[in-house]
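First chain A sits with chain B, and in the next complex the same chain sits with chain C.
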Partner chain A sequence: MSKDKIRWIIFAGLFLFVTLAYTIDIKMVSSPSYEVQKSFDYIESLPEGTILMVSFDHEASSLPEVQPISLVMIRHAFRNNLRIVGLSLFAEGTAIGYRTLNKIAAEYDKIYGVDYVFLGFKPQHIAAILGMGESIYDVFPHDYLGNLTDTIPIMIGIENYDNIEMVISITDGDRAVQWIEYAGPRYDQKVMTGLTAAMITSYDPYLSSGQLFSVVGGLKGAAEYENLYGVPGKGNRGMPAQTAAHLYLIVMIIIGNIIYFRNRKRQGRSS
Partner chain B sequence: MPTRLPLLICLVSGVVMFLQYFSRHPVAKLIYQTVTNDWWQVIFAFTLIVGVASFIKITLRKISQKKDKTYSLIALGGLILMPVLALIGGTNIESPFQWAFENLLAPMQATVFSLLAFFVASASFRGFRARSIPAAILLGTALLVLIGRLPIAEHISESIPDLTFWIKNYPSMAARRAILIGIGLGSMTTALRVILGIERTYLSGK
Partner chain C sequence: MDIGVIIAGILTLAIYTFLYKDNPIYRAAESLLIGLAMGYVLVIYWQTAFMDRIFSPLLNESDWWVLIPLILGLLMFSRFSRKYSWLSRIPIALMIGAGAGVAIPAMLYARTLKQISASVMPLITESGGFNFEALVVIVGLLSTLTYFYFSREHKGIIGKVAKLGTYFLMLFFGATFGYTVMSRMSTFIGRIDFLLSDFLHIIK
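This part shows the complex of A and B:
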């Protein structure tokens, strides 16, 4: 069989396997990891009116994996009457952040400017992170809709990180590292992150050192958070498909190795 | 002189920004705010102009050479369409810009990203072989972590999540820390070389 044919069979197999798993409604419950439980408990413990800064630091490409995390975390915050200052340090995150906040705010009857605000995008992320430590009004003189930031009710008195309880960076890369490295040591800002599963190991040293408060990682992290929150969402919906894909990969690795060892044995015999 | 002036600007800027970090004096704070809020943003705006101009130039050249003409036209159309939609209809939730982002850009990007799963599946079949002892260890670890990330892992065996946790928190983190320390030392050395004018690649190596 030609290499191309094998490749197409593998592709078709994965497509069928994942589609099938996605169409079957199976509930996969797993115990929450320590980090997810810590994130949930912390948000649950905050008093009403506390300000959280949610930074949408990701591209549209990773939306299927990171959006379930931002959805459930913002829902949790709004349910507990916490207030949210949204922003983006990634150009594409701007539209994503604005839409996500508005969508969830409508579910909880939250008012723009009072319960939440979206500041928009600022280029040069390190400069923006450092600048907000001194003055958020200087870095974002206007919000996403063009209103003067210091006149928006939620922003009155929110001058810098001293007035922000926690920064939650929803990311698919290393942008949260910049929050940790620049907002953390210089301004003593607490940072939490929701990120793609592939990036979790990059953040482990920061978690271990205590520079990063906690992590909600990948679709599994979102599913665990949703279970704690009590309302299954996109995270739980995607778990069977992710499980199917992982199992498929495992099977492929095993089959590939069986073929490899069989061929090696044959070659050994013939030589 | 053409070389000395940029070197001097670089030296002074580097030293001033280094020293201001340790000072709470109002002048230091002012310098810091001016650099972070104004100068860096201005530099970024110029890089954006350079980026867009370069993209248009390359795409137009491709169109004139009839090389991937259709794709180039679509790319150029997209570059023009999004700012035009934003300028005409604004960027609020009901605007055409938001519609285009939600229904065109986001699904297209997610589709391209999801193709990665297919290539990983193909690569895991063809390339992930236990050819040697280190490769076999890597393979075993990968299989364990793959299973450990599944919700069914704890139902197969309670020790699988623990083992995955151990791999993540000891061997993997040790390697990650070593890389981070290396990057940190490398960044410091490069910064010092640039500030002191030893590293001059930004001046075409002059």
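This part shows the complex of A and C:
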């Protein structure tokens, strides 16, 4: 059989396996990891009216993985009557952030400008992070809709990080690293992140050194958070398919290794 | 059905045709994706960098100070001229100088000093117990560093410690690879969800 045909069979198998697992309604039980529990407990412990800064630092391509995280965390914040200052330090995250906030705000009857605001995008992210430590009004003179920032009810008195309880960076890359490195030591700002699974190991050193408060990682992290929140969403929905895909890949790796060692043995004999 | 959903569904399928083999439908969808992403980012940057930071302060508030970064930015384009390309060194020097000044202290603190202090943990806990995690961290750290120590040949005890370091490295690479596979599968599941629910309405 040609290599192309083998490739097609593997892809077709994965497609069928994942699709089948996705269409079957299976409830999977998973206990929350320490980091997800810590994130949830912290948000849960905050008094009403506390200001959270949510930064949408990701591209559209990572939406399937990071959006379930941002959805459940923002829902949790709005349910507990926390207020949100949204922004983006990644150009592609701008419209996504605005739409996500509006969508969830509508579910909880939250009012733009009072319960939440979206400041928009700012280029030169390091300068923006450092600048907000001095004055958010200087870095974002206007919000995404063009309103003067210092006249928006939620922003009155919110001058810098002193008035922000936590920065939550929803990211698919290293943008949260800059939040940790520049907002953390200099302005003593707590940083939490929701990120793609591929980035989890990159953030481990910041977690273990205490520079990063907590992490909600990947679709699995979203599913765990949804379980704690009590309302299953896309994270939980994706777990059976995720498990099926992993099982499929494990089987493929085992088969691949068996074929490899068998071929090597044959070549050894023939030579 | 929303026209946007139909277009997105067709383009998703067009991208997946690559799994069969490279073809014009895939390339058209890929070019459209890149073009749209670039166009979107360009518009955002135009508005937030040029309009908000340069043109608006200059024209509406007569803030002449913004001419300085504007001129410095324009000097970057002198790279296109052989005669005047030296002018681009001025903004580049400023950028590197300011960038290094801001980044070095922050990175030194976050990536070096804090990591060193986090790596040096007491082997005996406050309650008198043995801290196994601290032992794993210190053995992993030292053996991995030994692997990257090339001033002496990896023979004898150094060779054995370096070999142990490779196992720690393999553990890290394995974990990273596993997470990356998980990440890519999540993206794939996201597309399956879109195709089955929004596009084909097979599931709710």
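We adopt the following convention: the second predicted complex is superposed on the first by the 271 of 271 C-alpha atoms of A that agree within 3 Å, B and C clash if a C-alpha of one lies under 4 Å from a C-alpha of the other, contacts with A are read in each partner's own complex, and residues count from 1 in each chain.
One rule holds in what follows: a residue touches a chain if its C-beta (ideal position, glycine included) is under 8 Å from a C-beta of that chain, and two chains touch if they have at least 3 such contacts.
Being a predicted model, the structure only gives us computed values, none of them experimental.
So, A:180: does it touch chain B (first), chain C (second), both, or neither?
Only chain C is touched by A:180; chain B is not.
Quick check on the superposed pair: does A:22 touch chain B, chain C, both, or neither? Answer first, second, both or neither.
The answer is second: A:22 touches chain C but not chain B.
Applying the touch criterion given at the start, work out whether A:205 contacts chain B, chain C, both or neither, answering first, second, both or neither.
both
I'd like to know which partner A:150 touches here: chain B for first, chain C for second, both or neither.
Neither: A:150 stays clear of chain B and chain C.
I'd like to know which partner A:159 touches here: chain B for first, chain C for second, both or neither.
Neither chain B nor chain C is touched by A:159.
With both complexes superposed on chain A, which partner does A:250 reach: first (chain B), second (chain C), both or neither?
first
For A:238 in the superposed arrangement: first (chain B), second (chain C), both or neither?
Second partner only, chain C.
Can A:130 be said to touch chain B (first), chain C (second), both, or neither?
Both chain B and chain C are touched by A:130.
Can you pull the chain A residues that chain B and chain C both touch?
On chain A, the overlap between the chain B and chain C contacts is residues 7, 11, 18, 60-64, 92, 122-123, 126, 130, 197, 200-201, 205, 208, 218, 220, 242, 245-246, 249.
What part of chain A is in contact with chain C in the complex they form?
Interface residues on the chain A side: 4, 7-8, 11, 18-19, 22-23, 60-65, 91-92, 94, 120-123, 126, 130, 141-142, 180-182, 184-186, 196-201, 205-206, 208-211, 217-220, 234, 237-238, 241-242, 245-246, 249.
Quick check on the complex: what are the chain A residues that touch chain B?
Chain A residues touching chain B: 3, 6-7, 10-11, 13-15, 18, 28-31, 59-64, 92, 95-96, 98-99, 102, 122-124, 126-128, 130-131, 134-135, 138-139, 144-145, 197, 200-202, 204-205, 208, 218, 220, 223, 239, 242-243, 245-250, 252-253, 255-257, 260-261.
List the residues on chain C that touch chain A in their complex, please.
On the chain C side, the touching residues are 19-21, 37, 40-41, 44-45, 48-49, 52, 102-103, 106-107, 109-111, 114-115, 117-118, 172, 175-176, 179-193, 196, 202-203.
Which residues of chain B touch chain A in the complex?
Residues 29, 32-33, 35-37, 40-41, 43-45, 48, 91-93, 97-98, 101-102, 105-106, 109-110, 112-114, 117-118, 120-122, 124-131, 139, 142-143, 146-147, 149-154, 168-169, 172-173, 176-177, 180.
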